[in-house]
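Shared between the two complexes below is chain A, which has chain B as its partner in the first and chain C in the second.
And now, the complex of A and B:
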């Protein structure tokens, strides 16, 4: 043995035990990402697109199957770094299904020559170099491994049981997204601006998160959520460290879900990013980040709910009010949907604050209602953004609301489908949005947060106003002469829109299966 | 305190060797003037004089720096593994092979995409 080490007392060392079979979903997705990088390196350009698409979709579906086969697992793994329990598996399954749709709509090539993404990511927008590269018609295929890496991070995010693992997952999911935001084929400057803003603010919020982790470590002496929970219940050391640490970790997580006052990036990024990526981010990132938020606030600092609930109340109210009210003034479809996603984050937060709401069956209502809402919201959102991609004019997507006037006359099918999505966002009965809102609001009432529900219902009415303004515009306005046309997409986008619409209707008419599943999955392992 | 004696001895040896090399070099080596001797150590862009507005420098440096960091980090992980090789046994070996294989994929990608060509 090394003489230097022999001097001090021998450090206790236990080789970690890695339960590969329980981590299989994440290993499959990350493995496919690595294989995707190899495909980029060694396969000829002609076959790359097809191979990458098949790899990605097959990998996501295989990962989904392994999530399903893990159902009922309730374990802490890898020396306590990862928890595979009901909420983790439920959210992983949701993310995998939504991500499959996201990959499908990102692979669309028939709407725009060469696909959604630019062939010339490194060329200066408007330059001769860009024109030459674009003329080659090269399809960008590196987005597939990038998306798979992001999805791998998203799967780990709600399953991470200590704050450092959570931080690693946060970065793994964020870094590819920053890049994907900047790769739009049309309006490249806007896209690069979105990417830059997202990166700078995202890095800033990661720093907040990390500083919060440091303070919580200072408080509890561990970054394990269960260890922090023990320290909270024994009231061990300085409470100011705990409060500041919790607040800073919350800033990092609330940034990712786009809650007010950490929402300012959302409209710019959602508008500038390639639309299928916007849908992917709005659905999957939000699901993953709410999973992490639930775990930190239910498992880690659940014992001091009295202290953090006022903060969450304020954030939830602000998010609902600002998201709904500012959305009224938007003139761009993507920006309007961005503000709507902010408002929805507020509605989900009303479910999250209901920590005390436990049903007779042992179901934690605060968790199960959030889980259900995320499924409902995710499918509607990814469908709605996919639908935005088919309304086009010569300059690409026609996202200005005035261009959508009279769309029902050009394509009744698109107008009706968009109406369905908007109705779900507004929470009209017989759509998934109604069931989701009903679930979070009843959880909030059971958890003594009735004032929040009052704000939520009023803001739902405000939101319904701007959703139905779009419906009126589509059905009762005269179409502009040089208005956009509705392009016919390939099966990839069609499947995305159809699945979004199908789940929106099914969860509105017949939600009991998914509600039951969310109820069974609502208990965290500790 | 005795625990720190080996470190202090090691530091003294390192310092002594550095001083010996410099002094021995200055006493015994030939002195021939060469412009390159006044350049910045190792490689990279000239730090002075600064061009107006900061100037531009090739993005190639960025790529090289990124590659360097990747392999630097690899060493950071290899070192503790080497220290605890006995207790980690076959598990540690498999994990390390997986880790290095992943880095190899990165390397292959950079190589195939021309990241290693300077021009």
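And now, the complex of A and C:
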């Protein structure tokens, strides 16, 4: 291949036209994050917590309002770097609502003196310095700007229309999360270990993503998804670059959703991270990453679905089987929920492979079912993790399953609410989990992926076994004498759990509104 | 010289970096290997930019450098905190989370 140098010295520079009004949700969230940094720098310690909390929640709700007002937008912005279309707006709205709950439960201070987070991330666990900080009641408030930056990245991730923007969004959402994972007040060693593991593996996987982007750029001459789609359909150059590039990009994205074989970080990080952050991560990161995955595989390389579908089939089957089977042996609630989130990633993937499923109304079933599932799963997850924070003993949260024995006798309300969440995870009718599973499985059948559905149904049954083992434990075992107590949280955590439970029930009993919305939002702009 | 050779070189560098991440035990060295992988990506981007005859790849390389710099800030802070706690930056030392 001969070098071609078509770049002359006097190439004119065209500044891209930035449509600020259409980017408003992201600009609000990132702007609030920057203001949050300024508050950290200039405001007295005494007022910071309240100011940061109000800023963050107000910013998220304002961003949600602007997402709603953008509904129906269908265009490509900023010189083709960002696409604001149905799936992007639907997922942005979902992320903003989930993130609001995540911020609320992270701000909880009444369960633990000083809150969920350590007073200073730099203080050595068990040191005099740390004791002093705790004694003076220093509250960690830097988590709010960090969360806002992560949320800004999450909003951009499913909306990015070229792979460079997607890479930048991936890093903007990941880097703050690495830090947030290491800031737990209790069990700092576990938390720091989780942070390091997440960081090293996350950086490793994003390097794979980037090399994949490089190969796709070598193939198509552009990183724009529509340009790659054109190159795929015209069969422009070396197919090996395309296949390797697609595979490596898929590695980076599948890592973020925690699909097998790129799942090994999930249980460790979910267990070690502060529980409200785990809930935030499990819900919002997964929503954002599935959005990016959908866009790459439907818009970018949708033309070669025959080539990537076998790979996705294998990943989906492995993810469902390993997530469900390994969860059976878990003895820690957070770790069990982590494996269940892996299994759920597999269920969502069954919807994603159904590229050919198009309803009469023009609705792309593969996309709409995934969108719906993500809403259902996100609210249940964030509620379940928030609920884990209220079951406590002297050492902090009591996460070992044996400590949950007989919980129904100590607090029937907590036990019943957790049962509701577990029923939704298991996919019992009249909960959102059932509607979501029904949507992805019927999309998969319409897309000729019936074997996947068979595996999915069998694995749902396996998963139901370990969810109901917990239910049996809570209701029919005698509580240990030195068992945990159920602490009464402030309104922040209560609202999170209540909203999680409410959406779980509403989407199970009366899902048609959200299903319709997901159906209308299922078409990507190209 | 055939520019494709630079792509092969970049894939070698990438493989060396990936092998380093999997084999080395010191968190700082592991992290340096990740940086090597990112730089291998940069070499591939610049080479493809020349082969494709447009500037996109060269611009992307700048973006990657900025992202890599941000990653260093976050990564080193995490590793330093781990080191201060455990007096060691070995990735084998941190093994409380399992099963």
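We adopt the following convention: the second predicted complex is superposed on the first by the 517 of 526 C-alpha atoms of A that agree within 3 Å, B and C clash if a C-alpha of one lies under 4 Å from a C-alpha of the other, contacts with A are read in each partner's own complex, and residues count from 1 in each chain.
Criterion: a contact is a pair of C-beta atoms (placed from the backbone, for glycine too) under 8 Å apart; a residue touches a chain by one contact, two chains touch by 3 or more.
The model shown is predicted, which means the values in this text are computed figures rather than measured ones.
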A:359 touches, of chain B and chain C: first, second, both or neither? neither
Dominant toucher of chain A (residue count), chain B or chain C: C
First (chain B), second (chain C), both or neither touched by A:38: first
Intersection of chain A interface sets (partners chain B, chain C): 3-5, 7
Residues of chain B defined as touching chain A within the complex: 2-3, 6-7, 83-84, 87-89, 91-92, 95, 102, 105-106, 108-109, 111-113
Contact footprint of chain B on chain A as seen in their complex: 2-5, 7-8, 13, 15-16, 18, 34, 37-38, 40-42
Interface residues, chain C side, partner chain A - complex: 2-4, 7, 10, 14, 17-18, 21, 27, 30-31, 34, 37-38, 40-41, 44-45, 47-57, 60, 63-64, 67, 70-71, 74-75, 77-79, 81-82, 84-86, 91, 94-99
Residue ranges of chain A touching chain C (in the complex, touch as defined): 1, 3-7, 11, 121-122, 124-125, 164, 167-168, 171, 175, 178-179, 182, 188-190, 192-197, 199-200, 203-204, 207-208, 210-211, 213-215, 217-218, 221-223, 267-268, 271-272, 329-330, 335
